[in-house]
Structures are given as C-alpha cells and as structure tokens.
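You will see subunit A twice below: alongside subunit B first, and alongside subunit C after that.
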Partner chain A sequence: MNSNVNIVEINSLNDNQLIELSKKNTLSLSLVEMKEVQKYFKAAKRNPTDVELETVAQTWSEHCKHKTLTGNIEYAEETSKGKKVKKYSNLLKETIFKATVELNKKWCISVFKDNAGVIDFDSKNGVAFKVETHNHPSALEPYGGSATGIGGVIRDILGVGLGAKPLANTDVFCFGLPDTKYSEVPEGMHHPKRIAKGVVSGVRDYGNRMGIPTVNGAVFFDKGYMANPLVYCGTMGIIPKNKAFKEVKSGDLVLVVGGRTGRDGIHGATFSSVELDKESDVSAVQIGNPIVEKKVLDTMLKARDLNLYRAVTDCGAGGLSSAVGELGEKTGVEVQLEKVPLKYKGLKPWEIWISEAQERMVFAVQPKNKHKILKLFKQENVEATFIGKFTNDNKLTLTYNGKKVADMSMEFLHDGVPKPTRPAVWKETKQLKQKPVKASAKVLADDMKKVLSDINVCSRDWIIRQYDHEVQGQTVVKPLLGNSIHNFGPSDAAVIWPYTVVKNTKKAVVLSNGLNPEYGKIDTYKMTTSAIEESVRNAVCVGANPEMLSVLDNFCWGNPNKPEILGSLVRAAQACYDMSKGFEIPFISGKDSLYNEYTIDGRTYSIPPALLISAMGVIEDVDKTITMNFKSAGNYIYLVGLTKNELGGSVYAKIKGLKGIVPDVDIKVSRKLMKAMYDAISSGFVEACHDCSEGGFAAAVSEMAFAGELGAKINADLIKTDFQMTLTEKLFSESNTRFIVEIMPENKEKFEKTLKGFVFAQIGTTESEQSLVIESKKSKISIKTKIKDLQKSWQRQLLG
Partner chain B sequence: MKKIKAIIIRTAGTNCDYELKSAFEMCGAEAERIHINELIANKNKILSYDILAVPGGFSYGDDIASGKILSNEIKNKLGDNVKKFALSGKPIIGICNGFQILAKMGLLPKPEKFEQISTLSYNDSNKFECRWVYLKTEKKQGDTKCIWTKEIPDVISLPVAHGEGKFIADEKVLKEIEEKSQVVFRYCDKDGSKTQYPEDPNGSMNAIAGICNDKGNVFGLMPHPERYVYALQHPAREGYDGVYGWGKQIFQNAIDFLK
Partner chain C sequence: MIFEIAIKMKKGFSNPHSTHLISDIKGIGVKGIKSSEYMPVYRIDSDITKKQAEIIASELLSDKITEEFSIVSYNSLSDKKIEKNSIEVWFKSGVTDTVSESVVKAIKDLGIENEVKVKTGHKYIFKGETDDKKLTKIATGLLANTLIQEYKIK
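Right after this comes the complex of A and B.
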C-alpha cells in the first residue's frame, strides 16, 4: 500500500479499544457497528486502510443512513387507557412512508428515493422540493454553517433526477433568546443573537448570489435552542418529467464538476451524528462559494437538455464517498483519487475521499459524451474532471497513484450496518383547562400589543428584506403583503408563478410551513398534528387546493438513545401517519437531525423537539390566489371554524405563565372545511383570508387590519365556541382549523352557502376609521386600539 | 418586418437574465442570453443586435465591488464595440448590477467620454434591501429625455433588491446630469414628493434611482422593471389594462423606438 495511507489495526482490538478508536477518529460508530467492521475485515484476513474505515463511518453515519428512523424500536406507551407496546422494524417505512404508499397519488412522480420529492406540475413538468437541516455547523460557525446549508439543499435540487432548476428557497430557524445575558451563554458557544445574525447573513449572501428568491420561512425563539440552534433550508425547483429519473450503467465515467476539494468539511456527516460540546471541531464546517455553484447550475442544466449524462447527484455529507458510493451502489465503481482537483496540496487519500468541500456535483457520463460535456463546462469556466468509472463488480475500488487504497464490497457498505433495537417510552401527562381568564378592556388592549410584539409573533421584515425574495420575478404572493408600499403584514404562504420557465402557464406553486415546538413541550403528537394542519391551512389561505398538496417532514430531536426522547419521536411519526392518511396528503420527502444536544460540565441539554412541516402544492389558476390584507371598508368579516379553550402552549399562556390544553385537530372536520374554504376562495367570493395561529384571533385580525391600512369592528359575542369562554380566551386561544375572512356584502349569500354545515360566524365589518374595535356586550368590554399602534408593536426591533 | 433582437449579456453570477428575456419577448422582441466568453471569442457578434441589456445579479460575486470585474472585462475586451453600440443610438439598459456595471465602465452618464465619473456604493442602511419603492418619472414639459420611459406615469412603483445602490457623483457631474435632464427616476413618496428611508432605500444623491445619457438611449437604474411586467407581480396587484405592470412599458418603449 501507499505511504499516504495507514493501515488501521482493528482486528486485534477489544471492545473498549474499538470504542476508543471510534471516538478518537470521529467515526461516530457504536460498538456493535465497530464489531461488524471488525468481522468483515477479519473475514478478509487483513486490517482496513484509513480510507476504508472512514468510508464505512461516513456511509453508516446517522446523517447518511438514518439508522434510528429505519432501525428497530420497541415502543411502550402509558396512558389513562392503560399500557400499550408496539414494535417497529423501520419507523419511517411503517408510518410516514406507509401513508404515502397507501395514498398512492398518481401525481407523485418520485418520492423518498432521490435527493428530493417530485410531484406533477403540468403534463410536461414536475416540481421538486427538499428541506435540509444544518444545525451543528451553524452552532459552531453560524455564517458558514447556514450558507453551506442553503448551498447544500440547492444542490439536492440540482441533483434530483437529472437536475431541476431551482425556483425558490425557504428557511426556518430556531434560536435561543436574543436578550440572553452573556453570563448565561455556555462556554464555547456563541451568543444567540450572534448566531441569529450570522445565520441570516449566511442565507442572505448565498441565496441572493444564487439568484433564487427566499420566499417562505419562520423563526422560533426559545431558550432551549441556545446551545443548539436549528437551521432548516429548503429549495423548490422545476424539472421536465422526462428528466426526473437517473440510471447508472457499467462503463459510464465518473465526472466531478464544480468546486475543488479541500480540507474543509472533514467529518461533517459523522460529527453531526453526535452531540456537540466545547471541543467540537470547527474544521468540520464547510466553506461556501455561491458563484462556483451558480456556474455549475447554469452549465449543468444546459448539459441536461443536451442529454450529455445519465445520472447526477450532489456531494453533500460524506463528500465523494457518499456521492460516488450512492451512484455506484448497484454497479461498483473505481476511482483514482489523485485525479480529484484539490484546492491545495497535502491532502491524504482518505481526506480527499470524505471531504465535504462545497459546490461539487458528480455525474455518470456515457463514454461517447466525454469530450462534449468537458467542452460545455469549459466554455463557462467550470472545472470538470473525470476521476473514474462505474464497473460491474459490485465493489468499491479506490486507487491513489496506481496503488489500491480501498477494496470493499458495495453490499457490506450499503447494507452491512447492523440494526440495533432501541427502547422508546411515552407517558401521558395530564393537560388541564386553566381557570377562566378574565381581564379588563385596558389590560386586554395592552395584552394584544404584548402578543403582537412577542418575539415569536412580531415582524420578521428585518430578516425578510435582506433576502431577495423577488428575483426571477415569479413571487406573486410575497412574504410581506399590504395594500401599499408603506404597510405590510405577514403572508400565510408564498406563491411562485413560473412563467419564465413554462411559457403561458397559469399554474403556480404554493409553499408554506408549520412549526410549533411550544406545543411539543407538552405533547409531540399534538405538535405534529398542529404543524401539519398549519402548513395546510396556510396554503389554503392563499387559494391552494388542499387535495393537491404534499408535505415534507424535518425532525430535529435530541439523543434517540434516551427512551423518552425516542418515545416522543415515535409519537410524532405516528401523528404524521394519522394526519397524512386522514387528509390524504402524502409525504414526499423528509430528513431527520438527531443528537441535538450540548454537554456542559457533564450535564447534557437537549433541544425541545421540533418538527418542521413544509407544504408544496400546485395551484391551477394563479389569478385566483388571494392575500391576507383587508381590501376595502364596508366589507364583512367572518371567523370560520370553532374557537376552543386551548391556551396550552399559546403565546398568551407563555406571556402570562398559564397552562392549559394544547390545540387539537379534528381531522375529519378539518379536511372538509379546508376543501370548502378552497371552493369559496377559488370561486372568487373571498377578498382576504388569514390563518389564526400564534397569538390567536387577536393577532391575526390586527395583522389583516394594519397590512390593509383599514380598521375593523368586531362583535366578540358572535365568535363560535365549544363551551363558554371569556373574551380573553376567545382572543388568544390558538385553536386550529380557523380562518379570518373578508367578504364583500354582495358575496355574503354565496359564501355562506359554500360553507353550509360548517362552523362560522359573521363577526364584524371592515372600517375606514383606522382603529380596531373589539366589543363584548356579555363581558361589558369594548377595546379600541389604533391600527398604527398595533402595527408599531408588531414592527418592534427583532435583531437589528 | 424583421424581429428586433436583444442581447442579454451574462456571466458567472448573473441572475436576472431569464425574467429579462421574458420581458423583451412579451413585447415582441427576440432575446438571447449570451455568455461573455462567447462575445469575447467573437468580438463583432455584439453589433448584430438591436438592443443591449446588462441584467441584475452578482457578477463574479461582486468581489472587489459590485459589478467591478465584469465592467472591466467588458470595457477591456469589448470596449470599442460597446461604445460604438451606445453612440449609434441603439437602446442599452443596465438594471441593478447592470447599472453598476454601466456606471463603473463609464458608459453612463457620458458614453462619449467612456470614463467612470459616478458610482453606486453601499446603502446607507448598510444592508441588502428588498422592497417595493415609489419612483418619480422626471419629465420636462411632460416628456422624458430617456427613450425607455415614454408614456410612463408620473409616479410608478417597482421593486428594488440591492446592497450597493447609493448613487454618488461629484458636484460637477451631478450638476451636469441634472441640467441636462439625465435623471430618469427618483425615489419618492406615494404622491411624488420627497421621501426618506425606507421608501428611499439607499440614500442616493438627489434620490437618484436611474439615469440616462444625454441622447437618452443608454439607461441605467437600480429598480427592477423586469420584475413588474404583470399586474400580478405588484404587492397590491395594480397595473394597467388589467393585466400588465408598468415595467413592461419600459421594454415596449425600446422596441417601439426601433420601429
């Protein structure tokens, strides 16, 4: 073998020594896994090279393999109804994916198998959507971590099928509280404000330079994310249906295109599969250069349309080892590592093979196109290099300057990871209704402003305006909406009308999301049902058809080796199944990020579990989409849906230190109501529609008013509730399945007819006087607040 | 009649080329996105077009300063023909990064001189700003000098999206372009009156959002007319003829001018 390559003594090691080796080299392999590796090499009668051992670690990492969600789980549940035990041999397949298979939607083109999920757009095109997490890197190096997060998910879209053209980005963050005292920040960590600002700048600089609008997102602040921020980045793209699949054949050549390989991002996949501590190595974070990626985007779509390659995938976690390994899984592959272009000299073969240097794509090219494809890339100064070929021996063979440095079976690499069984438990905690909450008009007016200026409700314009959310000219429902340029409110969803790609199309793509970790602190099942419903509700608000929606899951959880943490994950996965089946909305892709923990002085802090649901759907007629701001005075205001006494996990409860019941979803009612709302909006009966979520009715109606520069008069006694509720509860309860709707008087009859059989009430009117008046004769309360004051509360300083 | 041909110059980091192509096409022109390498390899190719457009984006990452590298590349390698194009009176437009490039190579405000005498620098807010703004169309006796802005209402709205959009020139240059009515658009309030941040997104001298040369055929602006060719693209969905946005009229003007 080669002097650049070390043989790692593994065959003679005992259990403790195996664990030691795994830790020392950031392999993140468990003892059982290390023993499996030992077994393989004992049978081969030799020790592995460092290249081989590293390849196994990358391929088997939680990040690449999702061992928890696809592993064996023994789940035990303890509720008031008794004890229940359930065994899963693959949680993902038996919940989320199972729903998709059972729903069997014809418009799903490619789900859960490629770099992104793909659904029908029209007869010729599909749309692809993927959301990734980049949590660990963003904790250590916020700017670089988030920039490479967005860069990475864009490459997922470039690497789906034969490559899709990115149309929009989304980003969702969970941060610690920006006003945290410096003395409370754990050693070795950045202050939450610094993390937040760095992450926003990273997404801004990468996303803007890529020319992809960042159109939808959310930010959630909670002290539980101080040491472990969450950074979700998503990209949606469009792809001709006849380019939606890839195939590698023996004899095809391996082409690496784009950025050069350096020492950045070594061990990214494995380090993100363990918890962080103050020793976590910042060199695991990659260094991004968006212009290199933009050049790859421009040229590869040209090569795609000329049919110059047969398959493509991106170099993400695990670098070439993952990308080339995946493409060659069914054939076998030989790579000459010395051919890989390097940023600088001195990289060892194993470093070349697993480096997560950015902006690289790997292609499978038929030998006949060898020269054509090189020429095409060269014309636009894009580096492209052949580094090997796909074989038919089902083996991974790596050489360095002619000497073999790795020789392993693909089967062992891809299917050899042992499947341990993990215990999971969940014990029901009782949620009790809080005592009736009453307050005077003055206090309520004050509380409304407090809710609007709460860090989890207030305006995100400081972030949104740093992103070019209009580039490509296709963002027709924007993240900030209003009747004029001076006034704006938060949009429920974004709508992209891809008229520059698909000529004369009237179709559009809706993107929305749902996330509420506050509910998960009490019950992850309800957090999940609420998040899914919120994402659907948000899309319906702008005019999307709920029957044409698909969703993505992104689980960010703590250490799954702890039974109660895994139990809460199982509950959430089960809720995904129930919602997906009940709503007939398929999951098309997903991702999990586990081990979101931080250890300080031997104490481990786990994040509050967070499930992000991202929804994508196709809108038939973009002209029928609507926005959330009130349109004109003298219109009727309706509250559609039932308001329940559900203050649990609400913003109001957080401010006031209250407990209570977490919002539930009645799947059957909700599904039908969503459809009825879609019918009303697509028939043109609705002027404006806004979702009631964080902050409840009070926040939502305020936003509609100040975004539209109009007042409103509300009779709160007319709000439909399940039991008797105080005015305070009506204003701030965060019950799901509710919409505030503005209707022109002439559409009253038609609108009410469309919603016949559902709970709704005409509760007020829009007014030219710019005040929000909320009255309750029953409670003898009348609250009058100037729209300008509400707007001022909402537009408080966020991070600036 | 022969179709009018527009060229959209692109390079690494060009972003707004597809929507710009669509804008020209919906006005009846033929538009091609051509990489700078191709134009350098074939130096006379650029002269075969009727309209020249430099789109927005982050050419070469805006390293050094926004638009600086591409402006040098065009000037050093295609300078003679670009100057010829401008002096021939054929329409040229530079939008956002394109405006930065035209100003930095000196094609604006004085293509005859072809030397940099103005620039676009960091926004006063010191950050990237993406928002819709109001623009006052500068008119003398009811008409504009710039061939790109005929029939444009006194106040229109367009989106801006830039970090370096603050127009700066020395007093003499500023005085000259004002005297010669070369200011095309100014940031303003809803009714056309003076405004401040955030409606003026960058703190430009004299609130300048766009300028043209003395002849009126070369036009550079920070706002994006190509993002407002349909009423649907406006935040309140306003426009003309029920369907179109005022940005379309800007591209229509160049094509009508050539007819």
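Right after this comes the complex of A and C.
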C-alpha cells in the first residue's frame, strides 16, 4: 500500500474499541455497523485502509442511506380507543412511497429514484423539482451554509436524468426569535438574527448570481430553532423527456467537471448524523462559488443536447465517494485518485475521495466522446478531467499513484448496511375547545393589528426584495402582489411560464408550500395534513388544477433514537400516506434531516418537528391564473369553506396564551372543494382569491384589502360555522379548506352554481373607502379599521 | 511586496453596509458608536510594481464614479500596522476564498503576468466612544465568524 494511506486495525478490536474508533474518526457508525464492517474485512482476511473505512462511513451515513426512515420501526400507539402496535420494515416505502405506487399516475416520469422528481410538462418535456435541507452547515456558517444549500439543490436539478435546466428557486427557513436576548444564546452559537441575515444573504448571492429567480418561500420563527435553524432550498427545472433517464455502461469513463477539490466539508455527510456541539469540526464548512456553477450549468446543457454523455450526477454529501459510487453501483468502477484536480497540495487519498468541495459534477462518458466533451468544456473555461472508468466487476477500486488504496464489493457498500430496529411511541393528548373567546370592538381591532404584525404573519418583503425573482423573465405570479410598489400583499403561490425554453407554450408551472411547526408541537398528524392541504390550497388560489399537482416532503426532526420523537415522525409519515391517497396527489421526491438537536452544558435543545411540503404542478393555460389582491370596488366577497372552532396552534392562541383544537382536514370534502374552486377560477368567474391560514380570516381579508388599496365591508354573522362560535373565534380560527374570493356581480350566479353543494357564503363587498369594516349584529360589534393602519402593522420591520 | 488595496465610498455616496452596521451594533447592545465606515480590502502578494497595483485598484477593484481607493505596501505581514479604532476581518488560511480566485484571474486578464496571491478582507473604522471590549464584541458578534475568519482590532 501507499505511504499516504493508513491501514486501520479493526479486526482485533472489541466492542468498546470499535465505538471508540468510530468516534475518534468522526465516522458516525454505530456498534452494529462497525461490527458489520469488521465482519466483512475479517472475511477478506485483512484490515481496511482509511480510504475504505471513510467510504463505508459516507455511503452508510444517515444523509445518504436514510437509515431511520428505511429501517425497522416498532411503533406503539396509545389512544382513548386502546393500544395499537405496528411494525414497519421501511417506513418510507410503507407510507409516502406506497401512496405514489398505488396512485400510479401516468404523468409521473421519474419518482424517488433520481436526484429529483420529474413529472410531465407537455408531450415533449418534463418538469423536475427537488427540495433539500442544509441545516447544520447553516448553523455554523450561515452565509456559506445557505449558499451551498442552494448551490447543491441546483446541482440536483442539473443531475436529474441527463440534466434539467433550472427555472426557479424556492427557500423556506425556520429561525430562532430575532429579539432573543444575547445572554440567552449558547456560547459558540450565533444569535438568531445573525443567522437569519447570513442565511438570506447566502441564498440571495448564490441564487441571483446563478441567474435563477427565487420565487417562493416561507419563514417561520420560533425559539426552538435558536441553536438549530432549518434551511430548506428548492429548485425547479425543465427537461426534455428523452433526457430524463441515465444509464451507465461498463467501459464508460468517469469525468469530473467544475470546481477543484480541497478539504471543504470533509465529514459533512456523516456530520448530519450527529448532534451539534461546541467543538463541531471546522472543516465541515463549505464555501460556494456560483460563478463556477453557472459555467458548469451552461456548458453541460450544451453537452447534453449533443449527446456527449450517458449519465450525470452531482457531487453532494459524501463527495466523489457518493457520486461515483452511485453511478457505478450496478457496474463497478475504478478511479485514479491522483488525477482529481486539487485546490492545493497535501490532501490524503481519503480526503480527496470524500471532500465536499462545491460545484462539482460527475459524468459517465462513452469513450468515443472523450475528446469532444473535453474540448467543449475547455472552450467554456470549465475544468474537466477524466479520473477513471466504469468496470464490470461490481467492485469499487481506488488507486493512488498506481497503488491500490481501496478494493471493496459494491454489494457490501450499497446493501450491506445493517437495518437497525428502533422503538417509537405516541400517546394521545386530548385537544379540547378553549372557553369561548370574547372581546370588544376596540380590542378586536387591536388584535387584528397584533396578528398582522406577528413575526410569523408579517411581511417578508425585506427578504423577498433582496432576491431576484424576475430574472429569465418568466415569473407570472410573483411573491409580492398588489397595485403598486408600496401596496402589496403575500402571494399564495408562484407561477412560472417557461416560454423561453418551450416555444409557443401556454402551459405554466406552479410552486407553493405548506409548513406549520406550531401545529406540530401539539399534533404532528394534523401538522402534516394541514401542511399538505395548505400547499395544495395555495396552488389552487392562483388557478392550479389540484388533480395535476405533485408534492415533495422534507422532514426535519430531532433525535430518532428517542422513541417519542420517532413516534411523532411515524404519525407524520402516516398522515402523508392518508393525504396523498385521499387527494390523489403523489409524492415525487423527498428528503429527511434528523438529529436536529444541540447539546451544550448538558442541556439538550431539540427542534420542534417541521415538515415542509412543497407542491408543484402544471397549469394548462397561463392566461387563466389569478392573484390575491382585491381588484375593484363594488364586487362581492365570499368565504368558501367551513369555519370551525380551531384555535389550537393558531397565531391568535400564541399571542393570547390560549389552547384549543388544532385544525383538521376533511379529506373527502377538501378534495372536491378544491376541484370546484379550480373550475370556478379557470372559468374566469373569480377576480381574486386568497387562502385563510396563519392569522385566519382576519389576516387574509386584510391582506387582500391593502394589497388592492381597497376597503371591504364584511357581515361576520354570515360566516358559516359548524357550531356556535364567537366573533373572535370566527376571525382568528385557522380552519383549513377556506378561500376568500372576490367576484364581480355579473358572475354571481355562475360562481354559485359551480360551487353548488359546498359550504360558502357571500359575506360582504369591496369598497372604495379604504377601511375594513367587520360587523356582527349578533355580537353587537362593529370594527372599523383603516387599511393603511393594517398595512402598517403587517409591514413592520422584520430583521432589518 | 505586499500591497493592500482598500476601497472606500466617495463622499456624498451612502454606504448601506455602514448604515446597517450601526443599527446592528445598537442591536447587540454596544453603546456610544457614532458611525462606521466599511471598506473591502484586497491583499496582493506579488512582485508587481506600485503602478501595476494602482492599475489593479482603479481598473478592477473600484468603481471610478462612486468609489476611491487607497494602497499601502509593506515587505512582510509583520510590518503591517492596523489603523486605530478599526476592525479587520480576514479568512483563515485554507478557507476557500472565491472572490480572491476571481481577482487572480481578472489580474491576468488585465495583462499582468506576474504571479499573484490574493486574499480578501473587510475593514471597518469606527467613530465615537470605542474600546477593546466594545470592538471585540462587535467583531465576534457581528463581523467575523471565528470558525472561518480571524479578526484584528485596534
């Protein structure tokens, strides 16, 4: 063997020593896994090299193999109906993926097997969508962490099939409270405000420089994310259907393209399997360079269209080890590590192999195209180097200066990881209706402003305006909508019309999301159903057909070794299945980030579980999309859907310190109502539509009014409720499946006919006088507020 | 020779970086700082002439309309003096510095063939009541992430 390579004594170690070895080298392998490695090398009658051991650790990491979601789980549930036990041998396959398989939608092109999910756009093209998390790196270095997060998910889109062209980015964050006292921030951690600002700047600088618009997102603040922020980055792209699949053949050459390799992000993948602590490894930090990635993007799409390669994937977590390993899983591969271009001298072979240096892609190139593809990359000043070839021996063989440094079977690497069995428990806690909540007109007017200026409702324009959401010139429904630069409200969803890529198309792509960890603190099942409903509802609001939508899941959870945390995850996964099946909306891709907790001074901070649902769908006719701001005075305002006494987890309950029932979803009713709303919008009967979510009816109707610079007069007694509710409850309940709709008087009949059989009510009118008037004769209350005042509350300073 | 080129906004042009910083300083509870001036700094280690350094500063690193530059030079880093009431932030060695990579490339594109090493940094000069304790708090709380950057105060 080589002097740069160490042989690691493993075969003679006892259990304690194996654990010690795993810890010392940050391998993040459990005892069972270490024993499996020992067994393999005992059989091979030799000890592993450091390269081999690191490769196993990367390939078997939580990030790459999703050991928890695909492992064995023994789930026990205790409810008022009794105890129930269920065994899962692969939670992902038995819930989320199962729904997709059962739904078997013809328009799903590639799901759960590539770097992104792909669905039909038209007869010739597909659209790809992927959302990733980059939480741990963003906690350590907010700017670099989020920049490489967006850089990484863009490469996922470049690495799906033979490469899609990115059209839009999305980003969703969960941060600690910006007004946290400095003395409360654990030593060695950044203040939430600094994290938030750094993360936003990172996404801005990377996304804007790549020339990809950032069009949709969400931000949720809670003290539970102080030491562990969540950073979700997503990218959507378009791909010709005949380029949607990859195939590696024996004899193909391994080409690495883009950035050079340094010590960046070493142990990033295994790092996401361990809790953060004060001494977290310095080299885990990655720094992005969008200029390099932009050149890779432009050139590789040219190479794709010239059919110069057979497969591509991105170098993400685990670096070359994961990327080359995945491409060569079915064939075997031989790599000469000394050929990998380095940023600086002195890297050991194992470091070269697992480095997470950014902006790198790996290609499988037929030998006949060897010179052509090199020439093309060279012309565009992109570094491209052949480092090995795919074989037919089903082995991973690595050499360094002619000497073998790794020699392992692909089967062991990819299928050898032992399945752990973890216990999961969930005990039902009863949610009860709060005592009737009553307030005077003055208090209610004040509460409306408090809700609008709440950190989880107020305007995100400080963030949104830093992003370029217009580049490429295809953004039709934008993140902020209204009738001027000063008067705007929050859009429900983004619509991208890819007319520069697909000539003469009328079709468009809708992107939306749903997230509400506040509900998850009480009930992760309802958090999940609400998040899925919200993402679909948001898309329907701008004119998307719910029958043509697909969704992505992103789980960010605490430590799954704790049974109650795993139990809440199982509940959420089960809710995903129920919703997906009930709504006939397939999951097309997903990702999980576990172990989101942080220990310092012996205290463990665990994050509130967060499930982000990102929806994507195809809109048949871009001309039929609509926006949320009121359009003109004298129109009718409808509230569609049933308002229930569901204040549990609401913004109002948080402000007032109330409990209550968390919003539920009636899947059957919701699905049909969404379809009816789509019919009404696509028939042109609707002027404006906005969904009721955080802040309830009061927040939503205010947003529509000040975005349109119009007043409104509402008779709250006409709001349809299931049981008797006070005015306060009607205004701030966050019941799902509700839309506020503006209709021109001449469309009244047609609109009502379309919604026949559903719960809806004409509750008011739009007014030229710029006040929001809400009256209830039953409660003898009349609230009159200037929309300018409501707007001022909503547009409070966020982070600035 | 080491040349340090600092880029400053001309009088009459506001620098959003500086304005935000003052509000952030108040946010972390440091009192008495009246104003701050922010300058990106490029440290060029090369055998280029002063004239060439000026060309790099004026043609590549600064905007002639809104910005002006200053150049200081010294033989080795130990000769360097730090301005009073200031904080400098630099990447630790080994950390990827993407801006410097672009600067190296752009210097070549300017036709300067000498071998150059570039490091990028940030300089902040404060007015008002400053002391070491306050500057350290500003540096660690706002300006430098000590995981990847080092800072110097005076």
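Definition applied: the second predicted complex is superposed on the first by the 800 of 800 C-alpha atoms of A that agree within 3 Å, B and C clash if a C-alpha of one lies under 4 Å from a C-alpha of the other, contacts with A are read in each partner's own complex, and residues count from 1 in each chain.
The rule we apply is simple: contacts are C-beta pairs under 8 Å (C-beta built on N, C-alpha and C of every residue); 3 or more make two chains touch, one makes a residue touch a chain.
This is a predicted model, so every value here is computed, not measured.
Q: In the superposed arrangement, which partner chain does A:713 touch: subunit B (first), subunit C (second), both, or neither?
A: After superposing on A, A:713 lies clear of both subunit B and subunit C.
Q: On subunit A, which partner's contacts cover more residues, subunit B's or subunit C's?
A: B
Q: What is the contact status of A:521 with respect to subunit B (first) and subunit C (second): first, second, both, or neither?
A: It touches nothing on subunit B or subunit C.
Q: Taking the superposition as given, does A:472 touch the first partner, subunit B, the second, subunit C, both, or neither?
A: first
Q: Have a look at where A:291 lands relative to subunit B and subunit C in the superposition and call it first, second, both or neither.
A: Touch status of A:291: both partners.
Q: Which partner does A:35 contact after superposing on A: first (subunit B), second (subunit C), both, neither?
A: So A:35 meets neither subunit B nor subunit C here.
Q: Report for A:481: first if it touches subunit B alone, second if subunit C alone, otherwise both or neither.
A: Touch status of A:481: first partner only.
Q: Which of the two partners, first being subunit B and second being subunit C, lies in contact with A:144: first, second, both, or neither?
A: In the superposition, A:144 contacts subunit C only.
Q: Just to be sure I read the superposition right, which of the two partners does A:659 touch: subunit B = first, subunit C = second, or both, or neither?
A: Neither subunit B nor subunit C is touched by A:659.
Q: Given the touch rule stated above, what does A:193 touch, subunit B (first), subunit C (second), both, or neither?
A: second
Q: Share the list of subunit A residues that count as touching for subunit B in one structure and for subunit C in the other.
A: Common interface on subunit A, subunit B vs subunit C: 289, 291.
Q: In the complex of these two chains, what residues of subunit A are touching subunit C?
A: Those in contact with subunit C are residues 140-141, 143-144, 182, 190-191, 193-194, 262-264, 282, 285, 287-289, 291, 343-344, 357, 800.
Q: Would you mind writing out the residues of subunit B in touch with subunit A in their complex?
A: 10, 12-16, 18-19, 21-22, 35, 37-38, 56-58, 60-62, 127-134, 157, 159, 161, 190, 199, 224, 226-230, 232-233, 235-236
Q: Which of the residues in subunit C come into contact with subunit A in the complex?
A: 20, 23, 27-29, 94-98, 101-102, 141-142, 145, 147-148
Q: Please name which positions on subunit A make contact with subunit B in the complex.
A: 204, 208-211, 289-291, 294-295, 298, 379-381, 464-476, 478, 480-486, 488, 497, 499-501, 622-623
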